[in-house]
Amino acid sequence: MNELEKLVSDSFHAQGLMRTLGAELALVADGEVHIALPFSPTLSQQHGYVHAGAVTSVVDSACGYAALTKAPAGFEVVTAEFKVNFLRPAIGERFLAIGKVVNAGKLLAVCTGEVRAFTGASAKVVALMQATIVSVGPR
Amino acid sequence: MNELEKLVSDSFHAQGLMRTLGAELALVADGEVHIALPFSPTLSQQHGYVHAGAVTSVVDSACGYAALTKAPAGFEVVTAEFKVNFLRPAIGERFLAIGKVVNAGKLLAVCTGEVRAFTGASAKVVALMQATIVSVGPR
Amino acid sequence: MNELEKLVSDSFHAQGLMRTLGAELALVADGEVHIALPFSPTLSQQHGYVHAGAVTSVVDSACGYAALTKAPAGFEVVTAEFKVNFLRPAIGERFLAIGKVVNAGKLLAVCTGEVRAFTGASAKVVALMQATIVSVGPR
Amino acid sequence: MNELEKLVSDSFHAQGLMRTLGAELALVADGEVHIALPFSPTLSQQHGYVHAGAVTSVVDSACGYAALTKAPAGFEVVTAEFKVNFLRPAIGERFLAIGKVVNAGKLLAVCTGEVRAFTGASAKVVALMQATIVSVGPR
């Protein structure tokens, strides 16, 4: 594990919600982070599909950690706000949330994210995020 | 339980994610729904506060069910998109998500939501949502 | 004119776009600013109603100036992002954009805005904004 | 001019606001529309840069017309909502708004847009949009 991967991995594994949802860190690169989420009925909305909140949780973490890879050393990141469009029902055997930094200023990073649903060989984008992440300096 | 409460309650209790998070339906009124969420470390982000994704999940359900109370009989609702601002860290003993319908058209409802954090006698708004919910007719 | 009104008025009258659209500053209070926009065919979309962009422009300025009333002395404000829902066609003789600060932190202010359309005695909300405004320190 | 170009061009030239801002239709393709905006002091915010509202107006029209190229014959499009992040001050000699359809359902299209600022040979993205557009059937 390189330094960037260790930075993100340590924080990711301290998130109780990621464990509760069954999410796994799949990739850490400079400005891009992937989080995998296997389907589970414990994540469902009323029709058995994955709830928009679970989809949002993993892509929020993916965007936040993508921003963390671009933050100054010793800084932390906090989500200021995000917007998510849900393109179709989140039906799939497994999901992949991809967060990318579009622009990283001193203070604010703008990220885009998407969540893909996989069933057999088929892959479909189910959600699209645009997020603003704040860097918070060491106290 | 009146008819509106039964409609929302049946759907709410079919959401696996709400059970996983420990969320409870707190109030159902015409155009307004409240969902309570007690703090649990299983909902945390890396500092031990409640993760933005958990906060979003309950206020998304609150807005969706508020829209359902305004939908034509036999229709279901689906979240098309939402935007959430996080005003401060979600620190508290318990949380209340409040979803309200601002405008209900034939097809689309616009809702606003907020999440309040309670610690002892103190209450603070930690998140603000603006959402678009689609009504889907019976098939 | 008090100091707050002068601060906002000076900046408002330096905005070429507000003059181009025919917008007028209607009210400046601590944390709340109103901007009036009379109907003009120069603001139209393809059906003759007021274009979403003109509606957005005035409520963005209203939210930005509401944030300015809460910013530290000598600071300026910049819109980081906003989201707008359009509830119905912007049909009216005149419009009023209302921007309010919901939460003002050191760095970021969260504002909500709405635009009301007036025709005779009737008033209807046509747009709803949720915005994040950044305070920028003196250089 | 092909049929798609004529459809968009006729509607674009009926928008009073586009004429007021000095915007020009630059490209119409299946699922993608470009609108050019030369700098003018009539579009400014208080520092002389282009106002967020003018930037938003052209990228909203670009997204709406991109959605129109995917709408069923005889349908019109209306913006339900959008969210815009402003990445840097809109400083430039000319601007290009690019709207693209990401997903077109029967009723709702999700579009992404961006606005690029050009100064000499330099080009920078100044704004990022994510929008929901509704198709409205012939009456």
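Note that the chains take the letters A, B, C and D in the order they are written out, and that residue 1 is the start of every chain.
We adopt the following convention: a contact is a pair of C-beta atoms (placed from the backbone, for glycine too) under 8 Å apart; a residue touches a chain by one contact, two chains touch by 3 or more.
Because the structure is a prediction, the values reported are computed rather than measured.
**Student:** Hopping along touching chains only, can you work out the least number of steps from subunit B to subunit C?
**Tutor:** 1
**Student:** Please identify the chain with the largest separation between its CA centroid and the CA centroid of subunit A.
**Tutor:** C
**Student:** Could you tell me which of A-B, A-D or B-D has an interface matching B-C, in the sense that over half of the contact pairs are shared by residue number?
**Tutor:** More than half of the contact pairs of B-C reappear in A-D.
**Student:** Using mean CA coordinates as chain centres, what's the subunit A-subunit C distance in Å?
**Tutor:** Using C-alpha averages as centres, the distance is 33 Å.
**Student:** I'd like to verify one number: the distance from the centre of subunit C to the centre of subunit D, where each centre is the average of its C-alpha atoms, in whole angstrom.
**Tutor:** So the centre of subunit C lies 21 Å away from the centre of subunit D.
**Student:** Per the centroid of Cα atoms for each chain, what is the distance between subunit A and subunit D, given in Å?
**Tutor:** 29
**Student:** For subunit C, jot down the residues that touch at least 2 other chains.
**Tutor:** Residues 80-81, 83, 85, 110, 132.
**Student:** So in the complex, the part of subunit A that touches subunit D is made up of which residues?
**Tutor:** For subunit A paired with subunit D, touching residues are 83, 85, 87-88, 102-103, 105, 110, 112, 125, 128, 130, 132.
**Student:** Inside the complex, what are the residues of subunit C that reach subunit D?
**Tutor:** Of all residues in subunit C, those touching subunit D are 11-12, 14-21, 40-47, 51-54, 56-58, 60-61, 78-86, 89.
**Student:** Which residues, counting only subunit C, touch subunit A once they are in their complex?
**Tutor:** Residues in contact with subunit A: 80-81, 83, 107-108, 110, 132, 134.
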